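In the two complexes below, chain A is the common chain; its partner is chain B in one and chain C in the other.
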Partner chain A sequence: MKRKVKFDYARWIFVLPALLVVGILLVYPIFSSLYYSMTTKHLIKASYDFIGLENYKAVLSDSNFYKAFLTSILWTVGSLLGQLFIGFTAALAINRVKIGKGIYRTLMIIPWAFPSIVIALSWKWILNGVSGFLPNILVQLGISSELPQFLSDSSLVFLTLIFINVWFGAPMIMVNVLSALQTIPQDQYEAAQIDGASKFQQFWHITVPHIKVVVGLLVVLRTIWVFNNFDIIYLLTGGGPANATTTVPVYAYNMGWGTKLLGRSSAVTVLLLAFLLLVCLVYFTIIGKWEKEDK
Partner chain B sequence: MTNQKEKIGNGLCHVYLIILSVIAFFPLVWVLLCSVKSSGELTANPTRFLPKHFTLENFTHVIQDLGFAGNISNSLIIAISTTCIAIVVSSMAAYGIVRFFPKLGSIMSKVLVATYMFPPILLAIPYSMVMAKLGFVNTRVGLVIVYLSFSVPYAVWMLVGFFKTVPLGIEEAARVDGANKLQTFVRIVLPLVMPGIVATAIYTFINAWNEFLYSLILINSTDKMTVSVALKSLQGSEILNWGDMMAASALVVVPSVIFFMFIQNKIAGGMTDGAVK
Partner chain C sequence: MRRKLAVLLVGTMIGSAMLAGCGQNGNTESKQTAAETGELKGDITFWHSFTQGPRLEVIQETADQFMKDNPDVNITIETFSWGDFYTKWTTGLASGNVPDMSTALPGHVVEMMDAEALVPLDDLIDDIGRDKFSKTALSEGEKDGTCYSLPLYSHAQVMWYRKDLLDAAGLEVPKTWDEFADAAKTLTKDGVYGCSFPCGSNDLMGTRFLNFYVRSGGGSLLTDDLKADLTSDLALDGIRYWLDIYENCSPKDSVNYAVLDQATLFYQGKTAFDFNSGFQIGGVETNSPDLVDQIDCAPLPKINADDPEYGAETSNIPMVVWENSEHPEICKEFIKKLYEKDTYIKFLEATPVGMLPSITGISDTPEYKENETVQKFSNAVDVITKTMDMGTAIGFEKGPSVQAGLLTSQGIIESMFQDIITNGTDVEKAAQTAEDKLNEVFSTVQ
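== the complex of A and B ==
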């Protein structure tokens, strides 16, 4: 009996440190942010007051917040569609070709390893409006009459950011879809071929059902990541020109570290989290249904 | 006829893949090429692809005059400490979840997804306040603690997938031979999952090495800066020296890319396996 109690104790030892990390570094800050979102907490001033929902009122009546929110949605949807399309088609193409699989995969995975600051600096330099490689090439080839300002022209900047985010995120989709594709038993395709199924039918009835759950999960992870992403936009454009690329995280950062209103900035981030929770709830309901269908 | 169609299809696939590979690969090549060009050549018109005169002056300038070596050592210390702590904590937790809490396991993996949802910018606010209270602003210790917030959940998630592959039979045999839980874990299970642990450790290292936001918020003295914030501060100087920035970028990105090459085969399964099943 005594021995059994000791055993129970031992198994908790294994998970305790991780639980502590999650509790102290993730759960506590959430509540702390919730609390500060209802105060006048300032980045530098020490004293602050409890003001209830005033910060939320202020944020929700700021037209810039709605603009940032809309930008965030467009940035997430645009990036995600691009990443999925490129990642998916690249995985299918690699899965199909017989030579060079490994080389293509290795070359295409490179953007994934890039730190956000190097993503920003390398693309800023490639797209530089004076000496940049791409603008100069476009002029030399006669495609553009003057040097395009990819990062400061308000009609180009958003598409440029999405392109860069697709460049960075597509490899992750590609690698995961590819590994899911490789788990599909080949004899299913052979059987389908004998039954006279077309390539498209094979794709729709064998490939899609097999990788649906993995792709669904990837979409959840990427949505969260892109929606929360601060670095890429902050480092490439800082939210400009004229707030054209300010997403919610950049808006929250400027609120907290620019205007130094940490309390109000907390309110923005809490709203951000609430929205993400809602989106993920919808996603997981769908994926849960798919998983049940599989069984 | 079908054979010919097949061939054309394959050809098109190759064309598509070559285009994508070039786009994926190009920024790295361009950073490396520009890092060895002289500043005059960088802004020369028309833009030359290959450097006319190979020079290492950008690298020596960045490392010696701008103190980038110090930033590299800061980042190394922080990333290695984060990785070591995260891997010990996470492999224990992953094993515990797989072996002792099979029912709780699925809940825990949902909790991990939930933590992934927490916006870093939301966490940054309490972190900056708590670290200020504890006197950890501008210290490496502070950053290591904060980095555990994203590295531990992610590592647990990846490792659960790897630990699941260990057959229970092996452990039971060891248990019969009188080994306790910890001994079984250290002597029997860990060696079996070592390749997975190494891959997870490398991934954790890369993420800590690449991190930007927390280090921007918690570090503001130049000598304590990590590489990414130091690189960002180069951008803030009045005259932009792209040669310096490309050389410094090369120093930061090349280790990440090389490490990534080693783990590219392990990384795919690890990310989705841990959660899906």
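== the complex of A and C ==
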């Protein structure tokens, strides 16, 4: 005899607020962007027409889009490698500290305590090409004969932004990696030492396997965040000079809020979403494989 | 039973929350108008861009007094920087989240009128006295014979200089662009730059400076049929002129400068010349009080000494009432209050010489004249007032147009300068590219 399954209203009602929030804040923006990307939607004009894929054609035939895309890739790869290297190294170092670990960890996390606007304005002040602290001290120390223009010299500005982003993002990597390091059973290291394993062998065969999933997830999250990062770049250089630091989000912003072509700006963001989904798919496939291997 | 109660409880909570959300603007009391009751009654929101200092205080005090005089009125004031304000109203318009009244910039007003977002203000202007306003200032907010804005205060761009540096170098105040360049180059020494040339793409400074040169030659950055004109001989000469200044007298960082970066250099005594309105005085007073006695202003340089006097850029900062407002009558009454003599003079005194009266009958009153800064910088007041009467907003010399607003809001001219400076792009090629880009943007609003 079949048992009649009662529909559980209570659980749906409890979940409903969360579903509504996700629906309003995630699903609606995605579908509205998708829809607007196929229209002539203008920021301050009420009427618009459906134009199919015309906005995509316009964006994909704009050389500045490809330049911004390349800049975004370099920005993401450069920032991520720097953040991973510094964050990982700092985590390994702090993990070996016996006294005052908490203080070091707190000091390292300071950049995360400040809003982007404060960080951007502080760095703008430090790097100011006339009265900035850093350019002037470099001249006074004889390291540079003239004031370095960190935010306006096209050969320096991109590296400067990456440096600032590494400074900002590395602590987050450090804290997460440090947490993962602290979960590794110490007896595995002791056993390895008894077996005569070198420090590098211990790192490669014990440390890395234990933390690679955490690091993998961090890389996924940071890739999305760094690729989509807008505020620090916009506040420091506005994408200049001469588009040298214009990434795809800055390009999309200028399209939507500068020219007010919201339809075309939406096409840029949809392309950005598609690209990031593809990147995440690759990442998650790799992480899935690692997890299977661990089991 | 427990489950049913839980369902009922959560359902009630969600229902209440939704009703509360829907009811946010549903204050029936606030919908009563003056016409119905004979008294002002309701809530209004006022966005303005006087984000700090005495101006902010004077506006708040006036609002407080207005609410005291009209106990059923509530004025909520929200402040935004000009940059934020533009983003706020453009996005707000799409979602219906705009204030009842606000300040604006002339270029904004044209876009607002184009979007049919404003209430006509002819009745208010007539009430205050139409003949008190400059016709040019009123025309900046006029469409099809109807005025949608009225200027709260005015100022104009003039040339500011350091008297002590000119004296020390035995130089006269430059009257032509050639004299200006020579003086700026001579004064670029000992940690002081002759003149900074700003062209950050987040601001309109590059356009402003190019416009100075082009207007001095009687030209415009717009053609008669409202197309961008960056490839005229005059515009190309202007581009080359400012590139020369950048190369020889300007900090290299100025390629990314916005208005405040630029002004700060002059405030701190790091530039010998700058172009600005009377707001320069307050900035120097705050940053370098000992330099206040060393600054003064003069008319913008000309191409030839015997060219006619001109004004390149006048800003008449307008007030507008939004179509979405449920209480335009309160907004108009409050604006009228701002123009009452005592209130108005108090407001102008918040930034003396920086904000000059947009209506007649104020500048010759003893109360206005007795201000210490107005007395000390009487030459600046004269120079700016004279320049103000001859100028318009950038591009408005061809009449108010959306194109004029787009000319300054896109950063395209600034990017052109950056491209030439950073990539060494040929001037004519860069100008042509920028002109085409601007015309492409213009075509989206036609």
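Couple of notes before you dig in:
The working rule: the second predicted complex is superposed on the first by the 287 of 295 C-alpha atoms of A that agree within 3 Å, B and C clash if a C-alpha of one lies under 4 Å from a C-alpha of the other, contacts with A are read in each partner's own complex, and residues count from 1 in each chain.
Assume contacts are C-beta pairs under 8 Å (C-beta built on N, C-alpha and C of every residue); 3 or more make two chains touch, one makes a residue touch a chain.
All of these numbers come straight from a predicted model, not from anything done at the bench.
In this overlay on chain A, chain B clashes with chain C. In the superposition on chain A, A:260 makes contact with chain C only, not with chain B. Of the two partner chains placed by the overlay, chain B and chain C both lie in contact with A:10.
In the superposition on chain A, A:151 contacts chain C only, with no contact to chain B. Shared-chain residue A:131: touches chain B and chain C both. Of the two partner chains placed by the overlay, neither chain B nor chain C lies in contact with A:201. Set side by side, chain B and chain C differ in how many residues of chain A they touch, and the one touching more is B. After overlaying the two complexes on the shared chain, residue contacts for A:193 are found with neither chain B nor chain C. Once both structures are laid onto chain A, the chain B stretch out of 4-12, 94-102, 112-120 or 130-138 that overlaps chain C is 130-138. Judged by the document's definition of touching, chain A residues 10, 13-14, 17, 128, 130-131, 257 lie at the interface with chain B and also at the interface with chain C.
Every residue of chain B that touches chain A in the complex is listed here, in rising order: 9-10, 13-14, 16-17, 20-21, 23-28, 30-31, 34, 42-47, 88-90, 92-93, 95-97, 99-101, 111, 113, 115-127, 129-130, 145-146, 148-149, 152-153, 156, 180-182, 185, 206, 209-213, 217, 227-229, 231-232, 235, 242, 245-246, 249, 252-253, 256-257, 259-261, 264, 267-269, 271-272, 275-276. Per the touch definition, chain A reaches chain C in the complex via residues 9-10, 13-14, 16-17, 42-46, 128-131, 147, 149, 151-154, 234, 237-244, 254, 257-261.
Residues 3, 6-7, 10-11, 14, 87, 90-91, 93-94, 111, 114-115, 117, 193, 200-202, 251-256, 265, 268, 270, 409-411, 414-415, 418-419, 421-423, 441, 444 of chain C are the ones that touch chain A when the two sit in their complex. Those residues of chain A whose C-beta lies close enough to touch chain B in the complex are 7, 10-15, 17-19, 21-22, 25-26, 28-30, 32-33, 36, 41, 86, 89-90, 93-94, 96-98, 100, 103-119, 121-123, 125-126, 128, 130-133, 136-137, 140, 167, 171-172, 175-176, 178-180, 213-214, 217-218, 220-221, 224, 228, 230-231, 235, 249, 252-253, 256-257, 262, 265-266, 269-270, 272-273, 276-277, 280.
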